[in-house]
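First chain A sits with chain B, and in the next complex the same chain sits with chain C.
After this line comes the complex of A and B, so read on.
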């Protein structure tokens, strides 16, 4: 049971790295808190559901459609919203209020459009039969989702650390005003990061029907709570710390489900309290300041 | 002459009283309720709400319901708010219905979680809570007359046929080791306790080898299933809401795991939504309750199941809310209210309760026989038999009732293949 819980936690944690990645990228670059993150993920989930239901599009292929559409929506949304928020005295608080309102609107519209019942995509679409990993048997959907999540993390790593755009994005993350003073087009860099952040949430949504049982318009609230725990544990503002936070969350959740199952929903809060008491800057907190 | 005078006086008094009654009659009876258009209980809450609406719209189309104290038909007005599956919001809105809207009749939202906050509020305001589907046994106490359960039995009664089958028939099939997994809320916790009690009373004929709760919002069961498998059970009971059951059955299917005997609640209660998410294959040979949305009772009051189903399909053709047991539950609440209003001595809350209790054992609806405990207001009728899902020659889901023997339509398949 122990070995299974650790391996399952690794796979589940990889998925939750992907879930938190977009949120942390947006926070890291813009210092705004996207409380509609879970709802963006929900929209990605419904996009994958309808693409599959109407056109039979494989979820792995719908990643590309979701990525393109969400970046295309995120880019102008940035120019419409974020510069105004950043001009405020307290942009973080204002962003919380704004995105909370946006979240409510998205949930209401999605409920009207899709209904409130559970929806999902058959697990066999991602592969038939369980896969064996180190002698343990896991659903194919989990293994594929874990693999895609790892690729998404690698994509973000390459984007941030191996491209010119990534260098300037990290410069903006370290100090927005100094980046502006050095001639970096901060708004363009931020708009791209915002679009990619939303797209990563959307991609996480594509796999939500496989990892979270089913999807509903109201699923965003729980996702938000878990995502915040993941990124705070990993380190706020450091997208790669999210990977560590996600894996810590995944393994802890599987241990809780194995040994203290009734209390498993307390885990995000327990992790948050523990990390804030022991290491408030998060597991990779130092690195973000020297990035 | 004296006789004629007396008759005239009587006639005057009769007409005066009648006129006074007619003048006192309200223009409408206000029914207050909550529904959840979003959140964890949205799908089932909306099904219940839409079932109630069918009854209400039908009655208003007929000019209202007969209200005995006024001896006339009075239209119904539904005052309803969206609690978004949130208990804090629900508590505020229940208060609003009582104190601001001053409803004549208060109905609870779906299920034990959203009803739990209404129980003390209704009691404090001495308002009768018409509890539609909140079946947590803790709600029903001898010292609280302000609650009645209309549309399903209290949760400790639910598993009666299932536990009887397990402890009486199970050992004959080779079932000895039982795993119990339940969502930690009133509804499932009470059922889990009833299962534990039945197994304990079996004197070792069957034994619990796994007994754990999980939070109601659990959406991933892969590790839990692995842990259950490690105990090598002959029978597995998973007691959860529809989201739990969908996730559990999907995780089983994705993991290529089939337990020899598996019971879950919602493949029976909300068959359509579970089928959409899990598929018929994922439900095959699963044991479940056979609810009134599947089983044709012979109603003596209100529509039959097929009539109700036809009405549902024509009223809600978009399919955004699936037909299921909770649709029937909402409609049944309406029927119980209709009977109560037609027989109550007054519109006082305890008079309404008395009228509802008066229907116990007499009212036979689409939902079976309404039977209620006078001491606590808990429903003990409308008990659902145990069934097993099989697939017909077209691969479509059908129910085989396996217990109790007098209702059985077939034999259980054990072990599941």
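After this line comes the complex of A and C, so read on.
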């Protein structure tokens, strides 16, 4: 029981890290709160569903298509919206309202296009039979999702800490104006980060049918709250802290489900409020938030 | 000066709105629709009190509304209070929740909005939890058929709307309201000018909670049969915020304009095809943020017409 809760928590934790990663990358680089994050994830889930249904494309392969398309959409979207928001008096507040509007538009278009029925992809697509890990058995879909999530996190680590682009991206994270003054093309760097952030949400969406249950146009709201809980626990604006937050969240969720199942739904909300009040800078935060 | 202005606002805004809201049921038979208008007029002004005058955006404003509805229902079901007294319980429940959540005011900007949203969802999860079925009826909903009284409860709702409008008129025309605006613009400077920042903010917060709790209690009384999802639906927060923003916050007429125009459109097209309405108001919000962040009322101001 205990070993199962911890291991399942780790697997889900890796997945939740991926769910929060895109949101935190966008917040870290441009201090924009993407309230449409959950809906971008929903679009990724629908993309995986239709690619599987129409072309029989394996979900693990469809993440490449999702990544390419979402980066391609996110990049120009940045130039259309974000510089305008950043010029305003209170960008954080305006961005939260703006992206809320965007989220409504996405949900509306998705329900016009797909209807409100629940869609799912059978779990056996990702591999048959349960996997044995340390004497506990888990569905293959969970293990594959956990593995892909770990790879995606590693990819973001390499991008941020092992490339020239990541180096300047981190410079923008630390201080936007100073980065600009040193001659960094802040808008280009931010646009790429925005595209990658949306694409990460889309990839998390590809696995949503296996981890979060069936896919509907309205699924985004709950995902938003979960993602905020994850990234606030890990610390806002620190993409790798998200992994810690995700795993803390995953393990506590599994413990709640194992031992207090009827109250498990309360967990994300309570965790979020408690952390915000007690330690707003998150577990790994060094400086107090400036907002 | 301030006092004559307040009198003018009362005569030319509050009285006409209340007269229309109070007399329209005699001429128009769909009372439920009018009741919903009154509810949203009150909620939009409640958001106005908090967001317009303090800058805190209550994304989980519906939490107070839902807690008010449940406070009312529990007082009727378990304490067998008469409805008007049970409204006191609704107000008390909302103010208590406001007290518990007061520490959230330490957060600012987006953090407050998100924490507030989480708090309202947490309240929903608690109230609808099957383990509490004996007390709140859990997810199975509440039926108060015994106190059902549509005409009386409609009248009480209009009275609460009058109270709310009166509060906003007071805030627009008083030292207290000016102090709130000063705190919103720059809390450090306001504190140096001798304003008790924490006290003024907390008061506005509680006023806003009280308004939502009262109208939530009347909502429970009017509809008398409802589920937890009904009274904790995030749509209440969303609609109230969008209506207030559309018209323009920190004004008296802005939220009224927003409710009349947008909720009017909603009732014309939104009920048959909610997706299309959602699409329109989503696009409207994005357009507002980008091009008209201070609402429609600011447009009149730009043309040199002063709108209260």
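Here is the rule we go by: the second predicted complex is superposed on the first by the 284 of 291 C-alpha atoms of A that agree within 3 Å, B and C clash if a C-alpha of one lies under 4 Å from a C-alpha of the other, contacts with A are read in each partner's own complex, and residues count from 1 in each chain.
Criterion: a residue touches a chain if its C-beta (ideal position, glycine included) is under 8 Å from a C-beta of that chain, and two chains touch if they have at least 3 such contacts.
Predicted model, so just to flag it, every value in this text is computed and none were measured.
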| item | value |
| --- | --- |
| Simultaneous placement of chain C and chain B on chain A, clash or fit | clash |
| Partner chain(s) touched by A:262 [first = chain B, second = chain C, both, neither] | both |
| Touched partner set for A:4, first chain B, second chain C, both or neither | first |
| First, second, both or neither for A:270, with chain B first and chain C second | second |
| A:76 touches, of chain B and chain C: first, second, both or neither? | neither |
| Which superposed partner A:107 touches (first chain B, second chain C, both, neither) | both |
| Touching both chain C and chain B, counted on chain A across the two superposed complexes | 107-108, 111, 262-263, 265 |
| Interface residues, chain A side, partner chain C - complex | 33, 81, 84-85, 88, 90, 92-98, 100-109, 111-112, 221, 225, 228-229, 232, 262-263, 265-266, 268-270, 272-273, 276-277, 280, 289, 291 |
| Chain B residues touching chain A - in the complex, by the definition given at the top | 36-40, 42-43, 46, 84-85, 184, 212-215, 217-224, 226-227, 230, 242-244, 246-248, 250-251, 253-256, 273, 276-277, 279, 318-322 |
| Interfacial residue positions of chain A with respect to chain B in the complex | 1, 4-5, 8-9, 12, 107-108, 111, 114-120, 122-124, 129-130, 137-142, 210-214, 216-218, 222, 254, 257-258, 261-265 |
| Chain C residues within the chain A interface of the complex | 55, 57, 103-104, 106-111, 113-115, 117-119, 121-122, 125-126, 129-131, 234, 238, 245, 275-276, 278-279, 281-286, 288-290, 293 |
